[in-house]
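Alright, structures below, take your time with them.
Shared chain: subunit A. Partners: subunit B in the first complex, subunit C in the second.
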Partner chain A sequence: MSSEPITDLLSIDQGISIPDVLTRHPEKIDVRLVGERCRYNIRVQREDLDAVRAASALDLPDKIGASSATQDRKILCLGPDEWIIVAHMSEAARLRRTCRDISQEFTLSTVDISHRNVAFSLTGSLVANLINIGCPLDLAVDRFPIGKSTRTVFENAEIMLLRESKTGFYLETWRSFAPYVCSFFEKFATATQYDTNT
Partner chain B sequence: MNTFRRPGRGRTHPEKELRFSFDSKVYTGYEGDTLASALIANGVHLVGRSFKYHRPRGFIGAGSEEANALVAFDRGPGRKTPNVRATTIELFEGLVAHSQNNWPDVKFDVAAMNDMFSVFFPAGFYNKTFMWPKSFWDKVYEPAIRRLAGLGPAPTQPDKDHYASTYGHCEILIAGAGPAGIAAALAASDAGGRVILADEQVELGGSLLSVPQAVIEGMPAWQWLENSLEILRARENVRLMPRTTVIGYYHDNFLGLVERLTDHERSPAAELPRECLHRIRAGRAVLATGAIERPLVFADNDRPGIMLASAAQTYLNRYGVVVGDNVAVFTSHDSAYEAAFDLSDANVRIAAIIDLREGVPEALLEEANNRGIDVTTSAVVTGTSGRHRVRQICVNTMKNGVVEGGAKTIICDAVLVSGGWTPSVHLFSHSKGQLKWCQRVGAYLPDAPNENTLCVGACNGTFGLSNVLEEGAKAGGDGRTYKTSEPLSGTGEIFQSVPTDRDQTRIKAFVDFQNDVTDKDIKLAVREGFRSIEHVKRYTTNGMATDQGKTSNLNALQIASKAINRPIEQVGLTTFRPPYTPTTFGAVLGYRDGDSFEVTRKTSVDMWAEENAAVFEPVGLWRRARYFPRNGEDMQTAVNRESAATRHSLGIFDASTLGKIEIVGPDAAEFLNRMYTNPWTKLAAGRCRYGLLLGEDGYITDDGVIGRLADDRFHVTTTTGGAPRVLAMMEDFLQTEWPSLDVWLTSVTEQWAVIALNGPNARKLIEPFVDGIDLSLKAFPHMAVKEGKICGIETRLFRVSFSGELGFEINVPAHFGRALWETLYKAGEQFDITPYGTETMHVLRAEKGFIIVGQDTDGTVTPDDAGMSWAIGKKKPDFVGKRSLARPDLVASGRKQLVGLFTEDPEIVLQEGAQIVADRDQPIPMHMIGHVTSSYWSSTLGRSIAMALVKDGRTLNGTNVFVPMPEQTHVAKIGGTVSYDPEGARLDVV
Partner chain C sequence: MLLIRCPYCEEERPEVEFSYAGEAHIARPADPSQLNDEQWAEYLFIRTNARGIHYERWCHRHGCARYFNAVRDTVTDKLQMTYKAGEPKPDAIGPSGGDK
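== the complex of A and B ==
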């Protein structure tokens, strides 16, 4: 074994690039690939929730479908005992530490899923229409209000969806499903360019 | 100017003249025309030949109910659609269409002799005649029949168009934009909530478009229509969807709508979708789908020029086109009078009105008299003549329902028929709403709905403009009343079939025009014992054509009911199924073609493999590199090279697709004890164990290596294809059987890219890159796992081997997969590192006798069958499948057991799936004792190897069995499954 291990930082490849057509008319459709993020799946028993919140300083929302957000971090409550945390890389070290610490203190599960998902940020006046080509949910803003999050489907892919503004969504899918989801976006955006009605 | 135009009438735009071609002849029409109205304006009525008898056919309707006028709509190469109703094609400059089902042309069609010999082609004829000899059916009869019968040919080129699909939601979806639908939309949108108003036609308005003389709220109908649409357009909560057919009505108010986007345009942008499938969830559906006029069934009622009275009225009032110069009318319903009067007012001679009824309302007779139209009541058309178009009709009078002799001949060039109206209950019926027979209308009407549905207007049996508008408004949520005046909406009688004085066996009175089903076919079906209308339908094919019997179902039902001599309610009604009108496959597919057809999951190393000429194979949804041919190698040569490199130096393999589940919690080990056959409690952190997963039936369902990262944390691997199933099975047990266990499951399949390095130089390659893990033999033995860093990236490093060589599986976060692969590949050049694919992986593992679940097992193999009793924790109180393993049939002798199989001729590679017999000389059918599950050429061993499931296989060790293959039967000896390095010495090569 050599004494000095080689530690060249390896480059990130999320396995997908965004076609030009998805950013050509940003007022209508603007789809951006979100860069590397630190993600954790956290499973907490309901009776421990308050204590875990206090110990971790993580704002784990109460209701399924609710979310909380700071500049650097989103937390989505997707199930009765399930939260997904998505943090900027600047927060990654701290989040890892927090997860390790609460794992020692409480009966819960924290699992690093940073690279499991690929995220898209979608904005524009047609963004709900764009998502609705594959997602059967009612995305009217009074039915799917700002801050609502859910795990749902987009055609044959599972996605995680969060509404961040009236015309802005955050969408994640498993890494290998991302090109499939994006292929639908591309087709819709291409057709939309030529559609004088939109 | 077209001969049959009436300037000043209709909604077409004479200032915009359009040229189009039909059967290669150029005509002109106007913007706003359909192909049908434009052809009629040019005096063209013969547009096709019928399905079975090749009889000349023209237009019967003016809308989507059209049964006859099916044409090939040619939008250029790869864009030719057969069997399109000419009545629904919007005219544009340069439109090209052709008639179908004729040779050499529509006027002289050779196969029309089918008509002359039709006595030989009764219902069920094909089934009865062409059954013998049976072998002739596929090769002779069926192809010949298909050539002669049928409609337009299926396209031969791939569809060049693309399509769209989307989901949508609304509080109220209204199907049909006639007066009822528009009134419903006005009311519903006033109340708030999202409203969708969809109509299959290009213009919204439905029947109002055909009756400009009606008055609503003091306004001419068209003015009211324009005002109403203006209001609706201005409302943000309303979506008007013309050219959109509601094709199906499914569970929970889920409706399918197909919107036609570009078919009406001369040269739409190539990027635009042709059609869009809207999948709409509606709070409530309001069905305002109207009614379709019913033809009368009489001899030779199918000649071009014979059409529904309402169609003629639509052609006149909507398109400004008259259907003839000298028109006869044959009716049992008042509404045909209206068409006759409109035509008369447009200077068309009405040759006669022949009314089946004895009593006709005085007002109608008076109106007719005012126009000088001759009305004959209690009369019947008993025949028609005219080769390519009706030229005359025979009319007889009736007394007490019996036809009297002495037919009178009336010369005419068109015949308008009306047998009353059939409410369009299709969508209501799709939604499983119940129908009930209504004697007043002579049709089935909506009864109890199954969904949140309201039917309004003619589809609900409601006639009369103010009634219809008010019913629509009420469905939309308000109680407003409408003042209207309109031509009499009228009454009529339903005749079960039109009486005749002719020999009924010698005439053809068509019921289903598209499938050429006649009145006597239905009677024949009844005579032959069919009593249910469902059986009559299938025997005669009535209502089974692309129009699904829109104009024929009720007539067929009435004829059958009379023949069976039972009330209609007891004969039943055939079921309506989606789609309402023929729908393109493209629309059903929507965006889901090409890359979007199905998910193709690719690993982070996949692009590298593609760049390095890998040949791929699908495994579940994944595509995996199968082998990496160099310099034009075939698969076997490549696999030989890849195997040798791995055994002798170093192979690199992308194992990222392996399913991975992280199991965390204080009860994690206990959970695994209950799920897997093996014991987990004593497995130390940092060590791995092979796990075998059974179903409750005791059969092997999955396997994989499981590493313990900490007391409360396991990294479970599953087969590539089994990952979602195993996770679901685990969640199922955890949530329903053992909710008290404190343990959580998280899929991490995609979190980790897995690079497998196998071969004696594997350790040497990775040593310089690894940080924080002592890789020495002692500190990191076979079946160990450690967390550390590689190239500065966190890794879960497994020392495992699916090849039998020294092996490592390096897990790194997936987005680093390719970069790490490339780094290792470059560094591995010193060891002649060789990428290998799934094929070599299979060979290497087979040499070691490792099973692949799903290949060497088939869902009926127990651990003992597979020779893996060692994987069962004997002291464990329970695990999934344990109880089944004690079942008498699972412990009895005679089960198939996994064994090795070695051909006598080492060059012979057996076929996977080949059957195995104990005695090759036994009589056929031979007794099969097993089959080959895995078989390869092993370049390492210089011979073929195979594994097989053989009855009591282990007791047959050393005996010869026989494997019949296409060329010859091969002899093979049963042996052990491990062919290479049985001691496992290669795992610890330093």
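== the complex of A and C ==
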């Protein structure tokens, strides 16, 4: 067996196209499809957390809703014992090795969900309003500060949301939900084009 | 829309993220084979159907994905408190709307 799995060599077409209206006024709304990423869902018991962190060098945040990020990867704490790692494909082989190593030492679960999700990067002064058309969370920066992440819903589709800057969000959803989610972005952007107050 | 406090996330979240999961504190019989049909039916189907204070389970399905318990007044639909699964049944706060 080759040491480099074939998924590291091929990149997939994620099958989502972003309508023009979502990039026409990037200072207000700029929605981009994030390229292919590898994703790992990790379930660790709380009592093992410190040891797993030490053994894996993964910066698993403590609190639900917290996140940690480096240039190449983000780690989100989604639940009391649940984390998700989203990383560049170049990190995939290394993360798989890490997952394999820690699962030999600890009772935990690591699941590769790389191609289950697609991600959007949303920036601009209106993107909080854009997300709020389908998501009832309060996205004011003092209630949903930079670095906060959560699983939630957007027009009944489950999404994962991370605030990366005051006017920038990272949004993931299941690949099959993505055209549906994107269609609501498009409707909002089209509607605001004609609204002179925004 | 109700705002429900998730005891795991420790914040109030919109109702659409949650799903209801029936009455709380119903223990599965330790040895089901010892039960007759009537007792088993009682465990499976018979519920308090309270008018007023009701102890019930919720799941923060589209959030932390955890089940927890809540105390809700079925008359006013106000959630009095929520607490983690496995914690003892707390006393309800004040009289229920159903007592009026």
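In this section, the second predicted complex is superposed on the first by the 187 of 198 C-alpha atoms of A that agree within 3 Å, B and C clash if a C-alpha of one lies under 4 Å from a C-alpha of the other, contacts with A are read in each partner's own complex, and residues count from 1 in each chain.
Just so we're on the same page, contacts are C-beta pairs under 8 Å (C-beta built on N, C-alpha and C of every residue); 3 or more make two chains touch, one makes a residue touch a chain.
Not measured: the values here are computed from a predicted model.
In the superposition on chain A, A:R151 contacts subunit C only, with no contact to subunit B. Residue contacts after overlaying the shared chain place A:F106 against neither subunit B nor subunit C. With both structures placed on the common chain, the touch criterion links A:F177 to subunit B but leaves subunit C unconnected.
Greater residue coverage of subunit A by touch, when subunit B is weighed against subunit C, goes to B. Judged by the touch definition given at the top, the superposed model places A:G79 against subunit C, while subunit B stays out of reach. Touch criterion met: A:P136 reaches subunit B and subunit C at once. In the superposition on chain A, A:I64 makes contact with subunit C only, not with subunit B. Common to the subunit B and subunit C interfaces on subunit A are residues 136-137, 156. By the touch criterion stated above, subunit A contacts subunit C in their complex at residues 64-65, 78-80, 82, 136-137, 150-153, 156, 158. Subunit B contributes residues 162, 164-169, 194, 269, 271-273, 279, 281, 590-592, 594-596, 598-604, 606-607, 622, 662, 664-666, 742-744, 746-752, 767-771, 774-776, 789, 791-793, 812-820, 823 to its touches with subunit A in the complex. Interface residues of subunit A, counted against subunit B in their complex, comprise 1-2, 5-15, 36, 41, 43, 45, 81, 107-117, 129, 132-138, 140, 143, 155-157, 174-177, 179-180, 183-184, 187-188, 190-191, 193-195. Put simply, subunit C touches subunit A in their complex at residues 1, 8-11, 13-14, 16-17, 62-66.
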